[in-house]
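Pasting the structures in now, so scroll down.
Next come two complexes built around subunit A: one with subunit B, the other with subunit C.
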Partner chain A sequence: MIRGTTLGGVQDRHGFRAMNGTRWRRRYRLTRTLAMLMVPLGLAACVQVQPYLAKELPSATKPLRVLLMPPDVAAVELATAGVPLPRADWTALAQAGLVDAVADTLRKHGAEMIRYRRATGIVPYAEKHLEAIALHETVLQTILTYRYGAAQQRAALPTKQSGLDWTLGESVAPIRADYAADYALFLVYRQATSTVERALFAAISFVLFGFIHPTSQSVGFASLIDLNTGAVIWTNLLQGQSLDVNRPDGIRNRCERLLSGLPL
Partner chain B sequence: MSTPPWLWALLSLGAAMLTGCGDPLMVKPDEHDEIGEGYRVDPQIEWSRQQDRKLQIWTVDGPQLEQLRLYAGLEAGDSLLPTPRRSISKQAWEQRPTYHKGMRAHDVMELVATTLAQSGAIDVVVERLQPAEFGGQSGFRFDLRFKADIGVTYRGLATGMVTQTGRLHLILYTGAKPHYFDAYEAIIQRILSSIILL
Partner chain C sequence: MKYCPLAMLVLTATLGGCSVQVGKLEPGRNQPTEVSERGLWLASRKAEQSVAISGRRVRNPQLEEYVAGVQCRVSAAYCPEIRVYTMKVPDFNAAMAPNGFEQVWTGLLLRVDNEAQLATVLAHETAHYTLRHGLEQFQTTRQTASLLLATQLGLLFGGIGVISAGPVGFSTGNIGQLIAMGYLAAYSREQEAEADRHGFELMVKAGYAPGEAAKVWANLIEEQRECALPNPPALFASHPPSEERLQNLRRLAERSSRNGITGRSDFLAATLPKRGKWLRMELATRRFCRVRVLLERLIEQGENLGELYYYRGELYRLRGGTGDLERAAETYRQALYYPSVPVTTHRELGRVLWRANRVVEARRAFRRYLKTAKSPDDAAMIEAYLERLP
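Moving on to the complex of A and B:
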């Protein structure tokens, strides 16, 4: 019903360049509409999570203090050729949704959320914490390769065939000392949404050739670090595609999925 | 805000990351492992192993965190880099640093530094070159440190010898300075003490 008329009508009568502040919402609706076209054609929305837990945490005798590190969030719009165009508005929306979801989740677990104080507007981390941050990213790449990678990649490290056995060691001591927190929570979130043109191209190529081009994708990674030992306690990878990728409730839903299974 | 390229890779292409070279194997302690036809060592602990022509790479936690490279019998024209899995340009092939017959300990140290720098390491420092035994024979050892572009500082140590026929045996251990280098350093020293030339 909306398919041809709405898309054609909006583009023909007003054009995207004539749109004002509500332009992105319209564009989102159009993108969603185009994406919805694909559902009956076999491309169902799907978001999956894959958590790993190193060990169950002992029961806490007092509320745990969890330090939320500056979430690393970016949202882009994919042009027809697949070129990513940064979208500050979607990034801000995702960032806010992520922080809200963390606050709610920790509250439910009876834990206290502490926000990391950004060093400057540009550089998020204090100099003395950079060693731990850089090591975390390296450990993260290792975990993504050998725990979340394809079977061949997982098999390439037989010394770590199962479980979650990595650490940041003593490098986390300066963070623990500065914030008196029990755990640090790192979050990375990326989402890519197709422009209307790309979504249209995807629909056409599916109809004509059977090729499926995902129109909206999200990927997120969360890790919980024990600040007393440096051990990586828990990780979760979220990836998939959904139609509500840039709506606050959609972002919140995915953030909650990303934090599902947080072992606090 | 930096954008880790690996996440974009995950987003757009699925997990397509490095797997290293060769088929992975487990190296077990007390099984003296032969490195080519050059020497053998006692691994002391379990390691994951990847094997190339004249090179074995051992790691426990992952090669980005710590790795032990064992080279045996390098000849003139051999590189310290693993054999590329994809074809590379002729220019890149010719520009890779290689071992030359007649190289002395100091030259090998420079070869290691140049190879690391060409692999993307930043602020490479090689120092404290000194004589050292390698399987009971006269060899050398030196220390090194460098930074990866991601910001992690690495420490390393190397020991090696040039045989009478001019071939190079070299063992190179590198690990992230926070935690990982120290975690295995004592084990590495025991491995170096266990070298038996073939």
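Moving on to the complex of A and C:
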């Protein structure tokens, strides 16, 4: 939508008609402007994933039961100066979109998706699952730092060089007992988009001074936990800029990318 | 065209001159409907979730119930909307999120003298909630930050000079975390003054002694002045407890015709059992000047003197400056006169005496420890000390 507005507006005002000298110069300027505008917009379409797999799963004889933990989702809108406004509506949209997309993906893999029964209080988890949840969060941070971090950090743990080698241990036992599931899937998703003013400002400041102001970004993290052993089987990090984050197909696309390579 | 500069000036004045005004919250409203307020509530809820399961949360039904009770008393009709969490953090702070989730730190419970003073702080926070200061501040920040960029851009277009806007902060991080860290607690001077006034009304209406309100700030100012604190406590990071605020509260109290309770005995009943643990946390920060001022005030009040002298001894032992070992030994001995003395006092006394090469006395202190503590966990270690002592 932002893309359409910016480019459409420029094109409308500078339609290519007669080709006298002034027009040529104007056309050259326009081409340059458009080319420069395309750079941030080009960046905008780029989404990367970095999956890691600890080990291939043994082939299952019956459909695997995968428990989807409540996804941790936040969507914000950035004002001109970058002050983020958390958006409850977009967060709900992203959350629902993620769950749908996960259900479809798991179905394709021939697995059965089980939904986590949210607790009614402030904390959505049952008290006895909290230890595993909190431990997962810490392990996630560790993986992000030492697996996905800068080269220096990836080399910082000599005993963790062989691959994905983390586990939540016995803490997952209460979850396994309550849901009789084989695996648990955790999702963390953050997205930011810009107001129209910020997008315009980004375009202007890029054309004039070459500053790149990111206008839209999504970051996702997925992990698959073996509920029998607690081992982290697979992780994926999605990072990228794209302008369609608030459209249902955009969310679906992000989620499919995030779950690409799921070893089920 | 000639009106253009004038129009710009008017526009700038309108945008820059006034902060956003939002109305007071009506009691019993469940969910906000407006976009930015809904967003803030969502982020606050996330922050609340992490606080609710935090290891720092005080899990003591008696204390939690007590603090929630005082909160209810001052917030009256808003009581069901406010959820208060006591957190084990050694600093003076209380914070209110826009959705009514409130934190009270143990450092605050140590630094207020009675229930009326605690109520003053809780009422101040309640005022931030009912007057929707979080939302107001958030919207103002959003507008002014945008205006700042717009102004810079305007200057650039005008060719006055290149001001580098730089890469503007871009965060997809957890907004809830920012709230938890007090990102939104940086209220404006006007908001603080308003919360002081409104909070005062609430605490007086709840039946607390009006004169106690100003004492909270007086105690804090004393601590800050005495220790020449480089950073004011977190709650006041933007607007420290000034003489002005203190005087305003004093004036309000003088004008008030009502009497009220201080609630000291209830406060002590709820907090005294936990006080030693909190003092230990204060000492762990190694901000010895602050803890010394705090201990002096508590000793003056005279509750559980044995425990207080013990922690004062601990302060000297941990500080380890010139003459501190002797001071520590002397203070531990002072502690031993009182029934509330912790049993570990004998052990610590033994250790400082040993370090001061007073071996005979050290031996005696360790023996007393073994005798009074009745087979403590570290008995084997103390036996080893006794063997090694020359």
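The rule we apply is simple: the second predicted complex is superposed on the first by the 218 of 264 C-alpha atoms of A that agree within 3 Å, B and C clash if a C-alpha of one lies under 4 Å from a C-alpha of the other, contacts with A are read in each partner's own complex, and residues count from 1 in each chain.
One rule holds for everything that comes next: a contact is a pair of C-beta atoms (placed from the backbone, for glycine too) under 8 Å apart; a residue touches a chain by one contact, two chains touch by 3 or more.
Since the structure is predicted, the reported quantities are computational estimates derived from the model, not experimental observations.
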Subunit B versus subunit C as contact partner of A:S171, first or second or both or neither: first
Which of subunit B and subunit C A:A155 touches, first, second, both or neither: first
Contacts of A:G230 with subunit B and subunit C, given as first, second, both or neither: first
First, second, both or neither for A:A192, with subunit B first and subunit C second: both
First, second, both or neither for A:A132, with subunit B first and subunit C second: first
Partner chain in contact with A:Q141 - subunit B first, subunit C second, else both or neither: first
Touching partner for A:F221 - first (subunit B), second (subunit C), both, neither: first
Contacts of A:N253 with subunit B and subunit C, given as first, second, both or neither: neither
On subunit A, the residue positions that both subunit B and subunit C contact, one per complex: 74, 82, 84, 124, 130, 133-134, 190, 192, 217, 219
Residue ranges of subunit A touching subunit B (in the complex, touch as defined): 72-74, 82, 84, 124, 130-135, 137-139, 141-142, 144-146, 148-150, 152-153, 155-160, 165-171, 188, 190, 192, 217, 219, 221, 230, 239
Residue ranges of subunit B in contact with subunit A within the complex: 1-4, 6-8, 10-12, 15, 17-20, 24-26, 46-48, 50, 59-62, 64-65, 148, 150-153, 176-180, 183
Parts of subunit C lying in touch with subunit A, wherever the complex brings them together: 35-36, 38-43, 45-46, 48-49, 52-53, 83, 101, 138, 141-142, 145-146, 148-150, 153, 156, 162, 165-176
Parts of subunit A lying in touch with subunit C, wherever the complex brings them together: 74, 76, 78-89, 91, 122-124, 130, 133-134, 190-192, 197, 201, 204-205, 208-209, 211-214, 217-219
